[in-house]
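Next come two complexes built around subunit A: one with subunit B, the other with subunit C.
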Partner chain A sequence: MAGFLSLFRRLEGPQTLGRGPAFWALFALVLAGALAYPLFSDGYTVGNTVYFFVWVFIALSLSLIWGYGGSLSFGQTAFFGIAGYGYGILTINFGAAYGFTWIALLLAVGMAALVAALLGYFMFFGRIAGVFLGIVTLAVTLMLERFMAQTAGPEWRIGAARLNGFNGMSAMPPLTIPWFGGPIVLFADVGLYYVVLAMLVLVYLGLRILMNSAFGNVIVAIRENPERAEMLGYDIRKYQLITFVIGAALAGLSGVLYTVWGQYITPSSMGMTAASLPLIWVAVGGRSDLTATIIGTLAVLSGFQALTIYGSQYALVFMGVLLVLTVLIAPNGLVLGVINWITKLVTRRKSEAA
Partner chain B sequence: MDIATLAFSALYQFGDAFAFLVLSACGLAVIFGMMGVINLAHGEFIMCGAYVTAATVHAGLPLPLGILCGTLASAFVGVLVELLVIRHLYERPLDTIVATWGLSLIATQGTLILVGSTMAGVGTPFGSFQVGAYSYSIYRIVLFVAALAVLAALYALFNWTRFGVLARATIQVPHMAAALGVDTRLIYSLTFACGAGLAGLAGGLYAPTMTLVPTMGATFIMEAFVTVVIGGADVFLGTAPAGGLLAIVKSGMTSWQGQLFGQIGLLIAVIIVVRVLPKGISGFVLRERT
Partner chain C sequence: MALLQLRDVNKHFGGLHVTNSVNLVLEQGEIHCLIGPNGAGKSTLFRLILGEHHPGSGQIYFAGEDITTLKSFARIRRGLSVKFQVPGVFKGLSVRQNLEIALQSRLHGAALDQEIERLLAFLNLEAEQAQLAGNLSHGQKQWLEIGMAIALKPRLLLLDEPTAGMSPEETHMTGEMVRRLNAAGMTVLAIEHDMAFVRQVAQRVTVLHLGQVFAQGSIDEIVADERVAAIYLGQAHA
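And now, the complex of A and B:
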């Protein structure tokens, strides 16, 4: 029991921003707002918000691997795609009865984690680091996209599921909760909203606990100085591999939820452009903090969507400019920069008052 | 079919794969080997070279001059990019990757907006010749010769010219070179321009063989990255042998199972090689030497 309680103490710590009653009051307020939001909105807008939430998981995975772990992975969309396709193949073959969609979700996420474990073993135990890690993961992602894009012929099928090449898979069943008197089908509106929101809160709090635990501190130590961490007796390869697998699972969860949300998945969700977008959200938000990542992702996504009205090509150019400027001017991220600035301001006020 | 024609066919395919790998990788390898910078906009420099080549050929210039224009245009853009972005990020290699990715996004979408989704291509020159039952394109042979010529020219540039000596000194111990009066910033700028120019050259050379679309850079970068990763930081000890090795894998797998499996073969080769030789072929050779 004491061990269980000490987990909650890890919600605050050196690796995450925000502590004390003020932060948690704000957190509760935002959560209450998010819970009440569907009451004041229509189904379509709520479904659109779910779309934003879906991307937060992949952003968090990148924050974990890149921001906390210091290894830049371009492969997150590969795991996104693997899990998305995995969910589609499983549910099209086995249907949605008896809550199988949830088993399919777990299996698909597990599939992404398994691929990450294999790839990660070769990379981290081969001591690939820095820029090479980025290139190898990018090559894997592009390869996977090319492979899926050429599966148009009828010979590319797994059971009843046609892979359909560049057009991608569609018409997989949405998540369903088996219930007395008929299952509840979670279409992309209020029902799915609450489920995804609950997952988001759980993942966010879980990652906070993880990063402030001994494990998280070692991960950050490896980012700061791999040699020193190794000299202190940690097998850094193992820690990096575990982080990579957790990140892949989160990216996979994002992929499954995306597939569930729109009931389709295409190879282009793994391409160059798709792979660059999570990077932009995380870089602009502030990769080395979970909260900043979430805020940044939601802000950039809504900005992107607003710009897309004037043409998605221009919006992508704008995203590129935003990324380059962020790297040049605020390498730690805009949101994180603003948060740190406010914190400094508040503490200075306090010390002046005292 | 007799052995000789079969051998020629295998050799031709090897040469084709080798030329593609070396030409698309050498620009990236120069920038990475000399500066430790991975240029994710490499594919877009190739695209730039191809587009300028096609545009100048349409304007009436002969193809070789067009390729020269493409090379110079890419090198010029390279100088601009180095001055505006790369120069500020030498201390942060991971951020350079991210920033150049942003540049690549801007370049691809910018070209799409400005030029449109496709550009009129250039016809493949020289025609073809016949060996046994198959006909082969002469231009592919030209490309193979061009790849060898680029390697030879780079060797000459970095070993026999003053710029080459200064560049190698700057790479080995930057502050010592600076103390001896070398303008290291200028050297970095020129090296980056050289790498960008080589990318433009690759684009110009391949412009007659492919459709010109804004995303054409993506067809090159996987091969380029794979070659550089396997080769390691040295252009001559790394890129050339890596190109040879990968060309065998690629042409073998391609003639056995088709183009896609050629690329999958490349990827598997990379993952195995990085596990065994983390610093690439050149790292292995250099370690043996010391």
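And now, the complex of A and C:
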């Protein structure tokens, strides 16, 4: 019981913004708003919102590996793709009965984590760090995209599932909950919205606890100075590997949910553009904080979607400009910069009042 | 009893013989200073002891165990600890968190907080505990890193130029810190250029020159040794 309570204490700490009753009241308010939102909207718009939520997991994975751990990974989209295709292959072959889609979700996420464990083992135990880590992970991502792109022929099939090259894999069943009066199928609508929202809240709170724990302390210590961290007796390779695997699992979760949402996945989910966009969301938000990452990702994503509607081909150019501006003006992230500025103002006013 | 023993340790960087058949014995409980002109191989010797470099030949024993092939973190867990020449504090984290990270594998909960308070007092950093370590003065960073090194409760503390960049007062305070730690049972091996500091703390001194042990003895013996004075003036090339 005491151990359980100490977990709750870790919801706040030096590694995450937001503490005290005011923050958690705001959190409850936002959550209540998110829960009530489908009541005031239509199924299509709610389904569209799920699409935004889907990407938050991969953004959080980058925040974890890059923002907290200090290793820039271009590999998140590879894990996204592995899990997305994995879910498709499993469910197309075994169907959706008896709640199998949920087992497929876990297995697909597990696959991404397993590949990350193998790749991560060679990288971290081979002491690959810094820019080289980015190069290796980017190479893996692009290699996977190239490989999947040439699987258009009918010989590329796993059981009943055609890989289908650039045409993409489709017609996998959505997540399905077995129920007494017949299974509940979670199409991109209100049902899926609540499931993904619940996952998002769990992952967010879970990561807060993890990053404020002793484990999180070591992760940021490695970002700040790996040599010093090792000279405090930490086997930093293990910590880096575990972080990388957790990040891959989160990116994989994004991939499964993306596939579930649109019942469709193509190799371009693992291309250069797909690999760069999450970096921009996270960099703009503030990669070294979970909350800033979520706010930044949702803001940039909705802005990006609005742009693609009104000026399709300029949207990507705008993304590039946004990244350059962020790096120049607020290298730690725009959202994080604004939050820190407000906090400073508030504390100054408080100290002036006192 | 010998706590640390180097036997015929050699290290080459290409054609450069930076550590040349070094034999060194460190007794349990002593403060031992390592001095020598720039390029004598002092910092390389530290890196060999810590496992950041591995010797081409020779063995390193710690508390009777051959640690020559052990990884750095494994040596630290056996009771070694180091303060680097350039302070290696976690600049983006608070002073308090720096100490917490050093302590957390040994202590938890209230005991952890208590030890942080004790260390903050020992290091004269109580007022700075909430500041980012990167904002400390150079001397304070040195102290914080010494604090992180001793937080591990090491049997052997390695200090690479602990007083570099410090004022004479700060240097003296650091010397007193080292003596207090030693009185509590910690063995210390320090690389130092500041002879006032060496005189203040050293029980034994080893002079390193061109990768070899050049002389060894008490501080008075070393100071009286004309050959040592000569290498510092750049006259002897043995």
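Simple rule for what comes next: the second predicted complex is superposed on the first by the 354 of 354 C-alpha atoms of A that agree within 3 Å, B and C clash if a C-alpha of one lies under 4 Å from a C-alpha of the other, contacts with A are read in each partner's own complex, and residues count from 1 in each chain.
We take it that a contact is a pair of C-beta atoms (placed from the backbone, for glycine too) under 8 Å apart; a residue touches a chain by one contact, two chains touch by 3 or more.
Note that the structure is a prediction, hence the values are computed from the model and not measured.
Contact with subunit C, but none with subunit B, is seen for A:236 once the two complexes are overlaid on the shared chain. Once chain A of one complex is fitted onto chain A of the other, the partner contacts of A:228 are limited to subunit C, with no touch recorded for subunit B.
Shared-chain residue A:14: touches subunit C; no touch with subunit B.
In the superposed pair of complexes, A:177 makes contact with neither subunit B nor subunit C.
Once the two structures are overlaid, the count of subunit A residues touched is higher for B than for its counterpart among subunit B and subunit C. In the superposition on chain A, contact of A:220 is made with subunit C only, not with subunit B.
Interface residues of subunit A, counted against subunit B in their complex, comprise 72, 119, 122-123, 125-128, 130-132, 134-136, 138-140, 142-143, 146-147, 150, 271-273, 276, 279-280, 283, 313-314, 316-317, 319-324, 327-328, 331. Remark: subunit B residues 32, 36, 38, 85, 88-89, 92-95, 97-99, 101-106, 109-110, 112-113, 215, 218, 221-222, 225-226, 228-229, 260, 263-264, 267, 270-272, 274-276, 278 touch subunit A in the complex. Here subunit A touches subunit C in the complex through residues 14, 214, 217-218, 220-221, 223-225, 227-236, going by the rule given at the top.
Of all residues in subunit C, those touching subunit A in their complex are 50, 52, 71-73, 76-77, 81-82, 84, 88-94, 97, 100-102, 104-105, 145, 148, 152.
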